[in-house]
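Chain nomenclature is as follows: A, B, C and D, assigned in order of appearance, with residue numbering initiated at 1 for each chain independently.
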Amino acid sequence: MNSKIKTIILGASGYTGAELLRLLINHPHVEITGLSAERNAGQKLADVFPHLGIYHLPDLVHIDELNFMKCDLVFCALPHGTTQKVIAGLPKHVNVVDLSADFRLRDPQAYAEWYGHAHQALELQREAVYGLPEVARDAVKSARLVANPGCYPTASSLPLLPLLKHNIIERSGIIIDAKSGVSGAGRAAKQNLLYTEVTGGMSAYGVGNHRHSPEIEQNLSDAAGAQINVTFTPHLIPMARGILATIYARLLPGKTIADVRNALHAAYDKEPFVHILPEGKLPSTHHVAGSNHCHIAAAPGAGEGQVILVSVIDNLVKGASGQAIQNMNIMYGWDETLGINGAAVFP
Amino acid sequence: MNSKIKTIILGASGYTGAELLRLLINHPHVEITGLSAERNAGQKLADVFPHLGIYHLPDLVHIDELNFMKCDLVFCALPHGTTQKVIAGLPKHVNVVDLSADFRLRDPQAYAEWYGHAHQALELQREAVYGLPEVARDAVKSARLVANPGCYPTASSLPLLPLLKHNIIERSGIIIDAKSGVSGAGRAAKQNLLYTEVTGGMSAYGVGNHRHSPEIEQNLSDAAGAQINVTFTPHLIPMARGILATIYARLLPGKTIADVRNALHAAYDKEPFVHILPEGKLPSTHHVAGSNHCHIAAAPGAGEGQVILVSVIDNLVKGASGQAIQNMNIMYGWDETLGINGAAVFP
Amino acid sequence: MNSKIKTIILGASGYTGAELLRLLINHPHVEITGLSAERNAGQKLADVFPHLGIYHLPDLVHIDELNFMKCDLVFCALPHGTTQKVIAGLPKHVNVVDLSADFRLRDPQAYAEWYGHAHQALELQREAVYGLPEVARDAVKSARLVANPGCYPTASSLPLLPLLKHNIIERSGIIIDAKSGVSGAGRAAKQNLLYTEVTGGMSAYGVGNHRHSPEIEQNLSDAAGAQINVTFTPHLIPMARGILATIYARLLPGKTIADVRNALHAAYDKEPFVHILPEGKLPSTHHVAGSNHCHIAAAPGAGEGQVILVSVIDNLVKGASGQAIQNMNIMYGWDETLGINGAAVFP
Amino acid sequence: MNSKIKTIILGASGYTGAELLRLLINHPHVEITGLSAERNAGQKLADVFPHLGIYHLPDLVHIDELNFMKCDLVFCALPHGTTQKVIAGLPKHVNVVDLSADFRLRDPQAYAEWYGHAHQALELQREAVYGLPEVARDAVKSARLVANPGCYPTASSLPLLPLLKHNIIERSGIIIDAKSGVSGAGRAAKQNLLYTEVTGGMSAYGVGNHRHSPEIEQNLSDAAGAQINVTFTPHLIPMARGILATIYARLLPGKTIADVRNALHAAYDKEPFVHILPEGKLPSTHHVAGSNHCHIAAAPGAGEGQVILVSVIDNLVKGASGQAIQNMNIMYGWDETLGINGAAVFP
């Protein structure tokens, strides 16, 4: 196949927008035909992202100025809550990969509870496919609207899903101690995200009630075939990119750490982007930064029957834009690694 | 009191040595009369720590060149394992605050197991007082040899001790997910601690079997009056200083998060260096960096009966040199905050 | 002297305000009686600076709510341009150390040119003493209003002043390549100062026309007895604190690098805060961070007659709040190092 | 062309080795057939670079174990001084791109002076082509041995070469104030490169006599047709990657800043990797990190006739491994941007 699909990115002035562009620039089947950015409309891309100015990409415009009739695919990198109406207004022939949280929760009530308002596009929500490729590849293939998973849910779900699905760990008492780089908080100017406030120290935030919990719990419950509740504690780490999730769970009676490793290997050894580390090795976000890879380690805890899982991803790649491209590749039947087969950038 | 005690620092070319000097330079009752540093013996202090060169401090010498007869107090900041023989050889009139791990574990078998060789000074080990001032102030007052607590054990024990002592949380299933800055690893040149290897990312290390576990478990068991085992997972964070411990525990039947907060307030409201944050606030290592303070928050977890504790200290101050000075102040009956009453350095 | 002066800080919610508080908390002659913060008025200090919340300090209020009649000294840490009217309205018995740029330039025309509006308090401007203690100690002693020097001008002037005063270097062609940490840009939320925008990279800014040039040139011209123009290029470095200035100058005929070193030693060897490094050593901002010290090195350049000077300070201490306290100490005839004699915080 | 050249990397366990692998993994015409690493011989690549372990690459071996007869191209990423003998021993049919400094200086006396020993392969030195593609593309095309330029010389030379060649700036008095990330110092464990020693501060090093000066001066002298001496001051910046060079020069009589900009545009507008920024914009290393691009800005200085040039590159890409691949592409007549056309990784 030599022709390219015409692709528009909505919300191109944020970090996930920039990361989509970085990864798509060399994608053989994609042509970027439009970029929107509300506050920065009218500017050149180089004005908001000088590192992308040397490529021949469209200027930033208001979403109203874009012609969706000539477009094949839209990546939606708009803020949570604003996306559902925009997508509802797109022509029906357009495929959509949505990087916001708007279509991730299947339960409208859960959505309303966590996001503070009723969902504006319930029919689309029912149509949307939650695009964690390693578990939903077939559904993504035939989807028109893919809800791209969040960064915390991706890092948290990948190690746990096979263990719940195959009844290796207990369904209750799962603790996810998650650590994120700062780019996960976006590009809006906020005092608590200033360099001076972040560098040289770290903090916990959102203990006990973080927005990402319901998405994680939905994923885990699907795998377990039963309602799963988790304790999820996010921390802000002085690094630009990366998520590391340290997960504490308990083995079911009769199960061992070998069962854990076997289940993880069985689930992921054929996956291009999920890698189970050898025994004794522990993952670092350094080893996935800039890449679409996820590294996972499993080790016994100190307590009887306890297992500790550690997973790492780049929040902007496998946790957002890279996974969005992986979903696009699946939707179009291309090699799933096209455009996202780069190695981590280290050091 | 106007006279000053003559004080020697052994191992002055490491980070805890430098931090002792920074804090002692303005201490009204301390005169630094000797500094040892094996590899750097013969050098001026300015050669290893240019920021301390402007003070009028002794040159670095071999330990053999020091005259301990004219010395009142020794701070021992030597590597683990090398300290016990040195301290055993000191004149008996000399008081000692030992920052190594050599005298922290009361059980000789546990020591041998974790450090790989039999303890060389068992009598001294029996004499040593484990100097966590908030729980052992009276014993420290009359001690000649204080074993200064480790950084991870200090950050982990302070939030848990009152809760175990007063039967508010369960004794089993405690999980400590700890995050440390890089200075905790010392000043020796190692590839994995290079700037390029650390900046921009993070990792877990020592999952399931870290050396600090037995010290933490000794502290917690003392408070509980029963053997306590914990799961302890340390992480390396790209910051120079600071430890943040996120601790997961379960309330005993009938206990509430209010009981947790009350116990913490009762234990620490009169303490000069331990502070319980108001409900809804979470601690940051930024707010204790460079200071001897510890901030603690308690919040309910998502699961029924779960409690999450978050504590922060500066590993080089309350986790090492500051706490050593606090112990010295107690030993000599001085105001406990002398020399260590500075605020955190932020930003 | 045992009594304390009643001291108010205007603009206490910014970084220089916080640094004043950190340093003054343990000052033996200062009592903090009032704190203003326009946007944060009504809040507790702990709400804007949690690390200072454990001290017993006043709440933040609007400036109108402060009683200046009972106040001895005001530190003004307000934004440039807003200060002159505020100070003009203070009772005449109040001493003032102003950390803004409002009273630094003697020439009203230069002020208007660089700050875009006519000066609002010309009489005060004439009265103000430019408080670089190493050159204006006597004038500061009898001053009521001290204009505290800027961070770049402090780092740039200290190495050059003795060399211009004693005719050792040429008056033209001086180049100052300056590098600053991010705290110099303040605490206001701006996108270009976000952690994600700053960490991992660096940039030049303001090439050829930076606001600090006229203040530097005023200082140098005073020393030289002739108009001096400099080339000043500031850079933003991914670090919270610190300024390093690399200065290129040419020796006058017959002068040598030894003359440079001698002049620097003659000027500063008795100064408590300015230190000339031994030959072959180069300064690092690490060695002054958190302290009021300035380190200076002088070395020959590669070209005939060229000299390279390198100086470092902490922009928030010797470049702002520490120097302000040094000026206060001089105004009141106290030991000049009171409250600011701490060593650098390293690592 | 569908076949691939068999390629060996010597010194694959260092940062430039890793960066070569990252960039070559997706290069369509390259097959990695051997990797050497002296200290790490016998290990898997994943043991020294976990992020590269997921690709199917050879294990690390001693150089003696490699079969160069079946090899088309060798990238030499060995330490300075050790390379010349190795290359002299290779079969003559093998093409070489050498990333060390061993073949960069044409003058054997200069080499001996700066590197402390006589050159061991003078004939090869005469054969070697200094591979700065923008000025030596034709020579590289027919070269068998390319001496890949250093990082500082690349960043320093690109802005200056057109200005010296076309007689726009003076030949004397050029000052290069250069700032480098830490990866430029390599991966060997050294105390001064520890995270704790580097983060949060910066320093100058090597004032007046840095090893990179003669390479820069050779480049500039070639362009000027006359001997050029420069003042070069390197600084160590707390960032993993990136070089920013701030260059001060004086216009020749009658020349203007417009002449500077025109010469730069004329030299580089057709170059794929060198970009002249629009007036008023200043470069940041953020915008080239991870990429093979170089951004250059030119601005008038404050002094009459002064010009300030600012250039940025990634020291590991355009300053090392990316440029090496660019040279390989030229040697083989391929599209010059193959494998190195990625955008910068930001944030």
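Keep in mind that, in the parts below, a residue touches a chain if its C-beta (ideal position, glycine included) is under 8 Å from a C-beta of that chain, and two chains touch if they have at least 3 such contacts.
Quantities reported herein were computed from a predicted structural model and do not represent experimental measurements.
> Please state whether B-C or B-D has more C-beta contact pairs across its interface.
Result of the comparison of B-C and B-D: B-C.
> Please state whether the interface between chain A and chain B is built from the same residues or different ones, using more than half shared residue numbers as the mark of same.
same
> Once you find the CA centre of chain A and the CA centre of chain B, what distance in Å lies between them?
The answer is 39 Å.
> With chain centres defined as C-alpha means, what is the inter-centre distance between chain B and chain C in Å?
36
> Can you check how far apart chain B and chain D are, centre to centre, with Cα atoms defining each centre and the answer in Å?
46
> Where in chain A do residues touch at least two different other chains?
15, 183, 196-197, 199-200, 238-241, 283-284, 286-287, 347
> Hey, which residues of chain B end up touching chain C in the complex?
Interface residues on the chain B side: 15, 18, 21-22, 25-26, 49-52, 54-55, 183, 199-200, 240-241, 275, 277, 281, 283-284, 286-288, 290-291, 293, 295, 341-347.
> Report the residues of chain C in contact with chain D in the complex, numbered from low to high.
Against chain D, the touching part of chain C is residues 172-173, 175, 177, 179, 196-197, 199-205, 207-209, 213, 229-233, 235, 237-242, 244, 246, 248, 282-287, 289, 297, 299-303, 306, 308, 310, 312, 347.
> So in the complex, the part of chain A that touches chain C is made up of which residues?
Contacts found on chain A: 15, 182-183, 187-191, 193-200, 238-240.
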